[in-house]
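Structures given as C-alpha cells follow.
Each of the next two complexes has subunit A plus one more chain, namely subunit B in the first and subunit C in the second.
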Partner chain A sequence: MAAARSVSPGGALLRASRLFSLPAPIPPPLGDITSSAYNSESSTQPFPTHQVITTLSSSRKRGDWGLKRPLPLKTTTKSSTPMLRVKQIDSIEQITDYSSAADHGLTLKKFQELRLPITAPTKNQNGGYGADRMNLPKRSVFEEDSDFTAVDPEQQGAVKDKRWKFNGPWLAGMTQGDFKKWLAKNVRTRRLEFRQFLKKKLAVEMLRPATQKALDNGEELPSAIDPETISEEQLTEYLRRLRQNNQELYDMVGQFLDLAPLQPPTMSDVRLGLLGGAKADLRTTENPYADSGPPVTHPSAGISYLRTAAYLDNHPIYGPQRNHPPQQARVVRPRRQAIDGKLGVAGFVVETPHGDNYSNNKYNYNPELDRLDPGVEGGAKLWVQPQRASVDSTGRVQVVVGNAKSEDELVVKELLGEEKMFGEVPKPVEEAPPRGGYRARAFGAAQLREQYKNGPKISSAQEYGLGTISHSSR
Partner chain B sequence: MASRLGSSLLRQTCQAPQHQQRVQQLSTTAATAAFRNLKPTNSSPNRSLTDLDDSSPRSTPNDLLRNIFKSGRSQNRENHPREAVKDLRAAHTTDSYLRHMPRRWRAGDLYAPKDLSPVEMKKWRTPHTPKKDVLDMLGLNPLDNYRNFSLISDYMTPFGRIKHSSETGLRPVNQRKMAKTIRRAIGLGIHPSVHRHPEILRLNSRNLPQATSGRL
Partner chain C sequence: MIIRNFAVRHGRRALAAPVPLSSLRALSTESTSMRTAVAEPSTSSPSPSAWSKTPAKADLDRIPENFHKFQDYQRQTQSLGSKVQLRYLPDEILKRPPTDATLEDLMAAQAHIGHNTSLWNPANARYIYGVRSGIHIISLETTAAHLRRAARVVEEVAYRAGLILFVGTRKGQTPIVVRAAELAGPTACHLFQKWTPGTITNRDQILAGGILQIVDENDRPLEGFESHLQERRPVVPDLVVCLNPMENYTMLHECGLANIPTIGIIDTDADPTWVTYQIPANDDSLRSAALIAMVLGKAGARGLQRRKDDAENGQVNWETPRDVQQYITVEMQRKAAEIQRARKEAEGEDGKPLREDPLDNETFRELLEPPHLR
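Moving on to the complex of A and B:
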C-alpha cells in the first residue's frame, strides 16, 4: 500500500530533482598492482565512476545545473563541452565539488561513432592468448542464450557455462592474502550449511541405483530419501570418497559457493612444470569468462548497445563497400627498441595491428610509427580499421584494430575532401564557389553525372596490346 | 666462329660433371664437390628455355647469399650516408621526446588531451608509495621470511637502513614485523647490515630477476 500512496507535490519535485537522481558512484577501477609505484591521480580513469551531467545553454549562462546552488560562471560557461561530474553535492565547506567530465563524455561519443558492437571473449582453444588475437567470428554480448542474470538457484549449475554473473569470486584473480581473508570470513562460517548441502547430494546419489533398477524392471519408482536420515558416518564416508576425486569435489564446492568458473591448467603448463607437479585431470569449461575472469559490470559495460557490425556501408558513387570506413589513430607512443608502439583510437589505447603489416616489420620502418616528429602538427596519425571491441574483466574497453586497406583509406579521404575525387576535373580558381562551399559543389549531382556520362573506365585486353592475339586465335 | 667456340666450351664444361658423377658413384659420403664447385655455370647445357633471353651472367649461390646480406637497411646506409645521418638524428629526437613521456600505456587505457600534456606526464616519472599493504595482499608473515633476502632487501636501503613506512606503504603492524625481521636476519648473521645481499648483487650483475620460483 505504501508504494501506491501519492506523494506530495514538494516530495515529487524533490524525487525528480538532480539531487536524488544522481546515482551513487561505482567503485573505482583497480589500479595495476605490479606498477602501482608509477601512477597519476589526475589521469583519466579507464571507466567513469560518476554520472556525467550537462545542462541547457540558457541555464548554463545562469549557472543553473539543477544542483543545490548555482555553479561558478567563470569555470562552467567557457567550455565548449559542458559536461560535469559532481563529486559531492554539498561538502562540509558548503561548496559543490565538481570537475569537468568532458574526458569520459567525449570518449563515449567518439566510441559510438565507431559503431562497434561489444563482443564476448571466445574460449581459447589452445589455452594461450593467441586464439583471442585471431579474427575468429565473435558473438555479441547481447545474445539471449548468454545474456541473463535471473537464474533459479536450483538451475545455477546447469547454466554455468553461459552465465557471466556469479555470487562467488573468481579464484584465479585473487591474491593469496585476499584468498586467505575470504576463506576465513565467507567460507569457514558456512561449514554446517555445506554439510547439509552434501547430505542432499548424497541422498540423490544413494537413490540412483534403486531408481535405475526400478526403471529397468518397469516397477514403481522408489520414494526419495530424506537427507535428515543420512547418518554422520555415511556423510564422512562420502566426504572421503569426494576427496579422492578433485573434479567432483570442485563441482560441489563451486556449486555451493557459486564460484566463477576456472579454466584448468593446460597440458603445456603441466609439461613446463609451472604448477609444481599438479595434475591436469580437471575438466575444461566452456564459459568464455573462465580464462580471464568474469566482467565487473554487464559485459557490454553500457558503452554500446549494437548487436552486430554486419552491415554494408554504401558510397554514393562506388556503391556498397566491403569494409567499414577506416579511422585515424593517434600514435600515442612510437615503437622504439623492443617496446611496441601504442595507438589511440577514439580515446582508447590499442595495440598496433597484428599480422603481416608495417607495424610488425622489423626492417622497413614506418616513419609515423617508429619516429616521433615534433614538426607534425597535432601528432602523427595512422589509418586503421577498427575490428571489434570487448570489455575485459577489469572493466577496460579493449578495441582491436587491423590494417586499413589503402583503397578504403582513399575513399574516406575523398569523402573528407582531403583527396581529389575519382575522375574529378579541377575547376578554374577564379570561379566563385556556389553556396555550400567547395565540397558541396564537388559532390553535386550535375557534376557527378558529367563525370560518369561515359561510364567508368575499365581496362581492356586491347589496352594491354592483346587485342590482335585474341582475334587471330579465333 | 662463334658456334665453334661455343661447342668447345660446351665440351669442357660437360667433362666436369661427368667426372663428378664418377666420383659420386664410388663415394658414399656427401657430395662435397657439389658445394665446392660454385663457379658460374654460364654455358651449362642444363640451361632452361626460360633463361634464353637473360643476357646477364648467372649468379652463383654465393652471390645470392651475398646479395641477401647486402639487401636491407645496412646497404641503404652504406649507399646513402646522408639518409643514415638523417635517420640517426630522427631517432635521437624521438628518444629525447620519449624521455619526457614516461607513461607506459596499456591497451584499454583511456586518454584525453590532458593525459598527453607535459604536466600530466611528469607525474608518471616519480614513484609513489604503494597504496596497499603488499604483505597483506600476498598473505605473507614477515617474521617467517627472515631468510628471504630478496624480500628483506626490498625493505632496506642500499646502505642497510630499514625503510620508513612512508616509503614501504606497509600498515603499522606489518612495518614493525618487517623491521624486526630485518634486525633478526642481520643479528643472525645471514644478511649484511651495510649493503645488499651478495646473492642479489650477483643476480643484478647478470641482469637476472631477483625472485625465482625455484621449481623451474
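Moving on to the complex of A and C:
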C-alpha cells in the first residue's frame, strides 16, 4: 500500500503497462560442451529465454509492435506466424534488436495440441539408467503435495523430499571454481550464524535423554535449554562429534544453507574406488530431483497447465475412444542395431518407443524405422502415441511416445480424409448433360481432366490414315 | 441437468413436439445397438450407414420452411448479447484527432520510451522518470504538461493569424504533418522533405518568385498593395513545430537566428536547447509523433476558430506589420493630397466646387481607413 501511494499517476500507469510486464529474459541454456560438433548458433534453443510477442494485423501492417519504433515491414509483414522476441528495445546502434520467435511459439502451439500434462520425475528406484523409461504411474507437477514454494523456514527440513525449489545450490552441478567462489562469498561470511544454529540444535539434543526419561517415568517434561547457556567448549565437542558422522553433518549444513538434495554415490561407485575411499554410509534421499538437480524453472516450465490426460476423446460416429488420437512423427534418425532411432513429434526430438512392443519385435522389419530412404519426400513418417512429457533439470522437454494402435491410426486417418470412412458408400458420379455450345463441351474442366487422364495425346501416323495405307500396301 | 425438473423447466416446449430420438437415447439406460468401439473396416459390409443415407423427399420439402424459421429466429435474437467494439483503430488518430492527450493516450502511443541509456543527453535528466530494460523512460506527466504548454503556444499563434510550419521529415511522418497543417487552417504549412538550407537566412534568393498577398481579417485578399508587394521580402514562419529535431538542426538553427520560436519533440538523446518549447517524448514512434502533432494541430484549429469568431464580430487581434502600416499611411497621405489638389483646381476657376467632396463619400473613406486601423 505504501508503495502504491508513493507512485505518481504516470508511474502507476507504466507499472501496469504491457511493455513493463514483459518478464526479464532468463539465462540461456548451457551449450553442450562435450559435443562441439553439434554446436550451432542458429539452431532452436532447448527452451525459450525471452517472452514471445505478437501484434494485431492492422498494427503489423504499420510496423507497430508497441515498441520504441516501427519495425521494418520487409521482415515482419511477410511471416504467417507473427511472433517476435525482443532482445533490446533500443540498442546503442539506435535499432530495436529483435528476431523471429516462431520456433518456440509454434512448438508451444503444437505441444498444446498434444494435450499432454507435464509429469514430475519419479524417484529412480533402481538407480539404473533406464528406470525412468518404465511405464510406472506418474503424477502431475501441479499436485498440491509437491507443488509449493512458500515454505516456513522451520518446516524446510520436513518437506525436503518433495520440494523443487531451494535457496542453496545443487553442489553436484557446480564446477570447482563456482564452488570456491560460492564458499568465499556465501558460506564463510555465515560462520557465526552457523554456530548459533548448531547451538540451537545442541540444546534440543541435550534435552532429548531427559525428555525421554520424563516420558518413560510419566513425569513432567523438563524445561527447554537456552542455547545461549551452551559454552564454547560444549559446542566444540559437539562439532568434533559431528565431523565423525558425515550424514549428520551434511544434514546440518544442508538445512542451514538450504542445499538442494544430493543423491549419495551408488555401491558400484564405491566398489570401483571412484570416491577415493570415502565412506558410503550415506542415506539415500527420496527427492526426485536429487539425481540430476532441481529444475531451473517451475517443473512444468509453463509449457502445459493440464493436470491429467485421463479424459475420453469422443468420435462423432464411433463414440468414446479408448486412446487419444495418435500423432504423426517424422523419423529424424533411423534405428541401427543397438542404437535407438530418433523421432520428431510436435517439434521435439523423442526416442523410438521402448520396451516390449510391436516396433521392437526382433522378427518384424520396420521399413520406416530401420532404413533411411532419401527418396521419401519430407522424410519417412509414422504414427505414434504420445504418452507423457516432463521437463528435466536442464529445462529440456522430454516426451515419451509409444506405438500407435492401428485402429486409432485408422480413425485419425479417416478424420483427416486420408482413408475412406468405415461403411461409406461412394457417391455415384452423375454425368452432367452437356450445356450446349462448342466451348462448354470442349473446355469444361471435367472434360479436360477426362481428356488428359491418360497423359497427353500425341498424334500418330495412324491418325492421319498413313497406317492404313501401309497396311493396304502390304 | 436435473432430470426431475426437466418437465417443469421445459414443459411446454418439450411436450409439444415429439421427443427427438437423440434425447431418448441419452435418457434410456438400456443398451443401444450403436457401435462404440472401432472395428476393422470391412468394405463388404452390406448395410448402408446412417450418415450416407439420401434424405427423404419430405425432409427436402421442409428445407425452405426451416430456413425461414431460422432467419426469423436470427432476426429476433440479433439485438441480444454484448456488442463487440473495436477499441483501437490505427487510422483513428488522424481521422478524429484528440483535443488533449491524457497520460493513458501518451503511454499507449509509446511516448514514454526513450533511447538506450548510453545515448542520453544529460540535459534531459529532468524529463527522465527512470531506467527500464536498458532504456530511459520519459515521465508521462512531464510530457503531458509540456504538450499542453506547446498547445497553448500554437493556439495563440493561430489566434493571431501567425504562420505555423509543421516539419516531419522522417519516413511515415508525411500524412501526420499534412493533417496537422490542414487542421491548423490556412495559415499553416507542412514540410516532409529535406529543409533547403537557407530558406530563412537566404530567403530573398531561395523563395524569390513566391506569391504574396495582403489579406484582411476574413482571409480575403486586399487590393491596392501591388507596389508594396513588389518590394516586400518573402515571409518567414511565425512558429515552427518540428517532429524530428535530430535531423533538422539546420532549420532549427536558422529559426534561432531569425528569432522564430520552435516547438520540438525531444527524445532522451536530443539537445533540448535546439528548440524553444520542448516536448519530451519518443520521436521514433509514428504513433507518438502523430498524437503530439494532432494535439498541436487541433490547438491550431481552436485558435483559428476563435479568430474567425472575433472577425465576424469585427474584432481584429493581430497587429499589422510596421512596414505595411507605414505603406498604408504614406498611401493615404498621398491620396488625400491628390484629392486636395484636385479640389483646389476645381475651386480655382469659379470659387465653387464642381462636384461633391470625395471625402464626404462613405465608401471612399472606408477605403482610405480600413476598419481594423480605426
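Assume the second predicted complex is superposed on the first by the 378 of 474 C-alpha atoms of A that agree within 3 Å, B and C clash if a C-alpha of one lies under 4 Å from a C-alpha of the other, contacts with A are read in each partner's own complex, and residues count from 1 in each chain.
Simple rule for what comes next: a contact is a pair of C-beta atoms (placed from the backbone, for glycine too) under 8 Å apart; a residue touches a chain by one contact, two chains touch by 3 or more.
Keep in mind the model is a prediction, meaning the values are calculated, not measured.
*Asks:* After the superposition on A, what does A:Asp392 contact: first (subunit B), second (subunit C), both or neither?
*Replies:* Only subunit B is touched by A:Asp392; subunit C is not.
*Asks:* One more residue to check, A:Pro70. First (subunit B), second (subunit C), both or neither?
*Replies:* second
*Asks:* Quick one: is A:Ile92 in contact with subunit B, with subunit C, with both, or with neither? Answer first, second, both or neither.
*Replies:* second
*Asks:* Contacts for A:Thr44 in the overlay, against subunit B (first) and subunit C (second): which applies, first, second, both or neither?
*Replies:* After superposing on A, A:Thr44 lies in contact with subunit B but is clear of subunit C.
*Asks:* Name the contact category of A:Gln244: first (subunit B only), second (subunit C only), both, or neither.
*Replies:* neither
*Asks:* Give one of first, second, both or neither to describe whether A:Asp178 is in contact with subunit B, with subunit C, with both, or with none.
*Replies:* In the superposed model, A:Asp178 contacts subunit B only, not subunit C.
*Asks:* Note which residues of subunit B are touching subunit A in the complex, please.
*Replies:* Counting only subunit B, the residues touching subunit A are 72-73, 90-91, 93-95, 97-98, 101-112, 114-116, 120, 123-132, 135-140, 215-216.
*Asks:* Residue numbers of subunit A touching subunit B in their complex, please.
*Replies:* Residue list for subunit A touching subunit B: 31-33, 35-47, 102-104, 106-107, 175-180, 273-274, 276, 332-334, 336, 342, 344, 347-351, 363, 367, 370-374, 379, 392, 394, 396-398.
*Asks:* What residues on subunit A touch subunit C, complex-wise?
*Replies:* Per the touch definition, subunit A meets subunit C at residues 8-11, 13-14, 17, 19-20, 22, 24, 56, 58-59, 62, 64, 66-70, 88-92, 94, 315, 317-322, 407-408, 410-411, 419-425.
*Asks:* Where on subunit C does subunit A make contact in their complex?
*Replies:* 34-41, 45, 47-49, 51-52, 88-90, 103-104, 107, 110, 112-116, 118-119, 129, 132-135, 137, 139-141, 144, 172, 269, 282, 284-287
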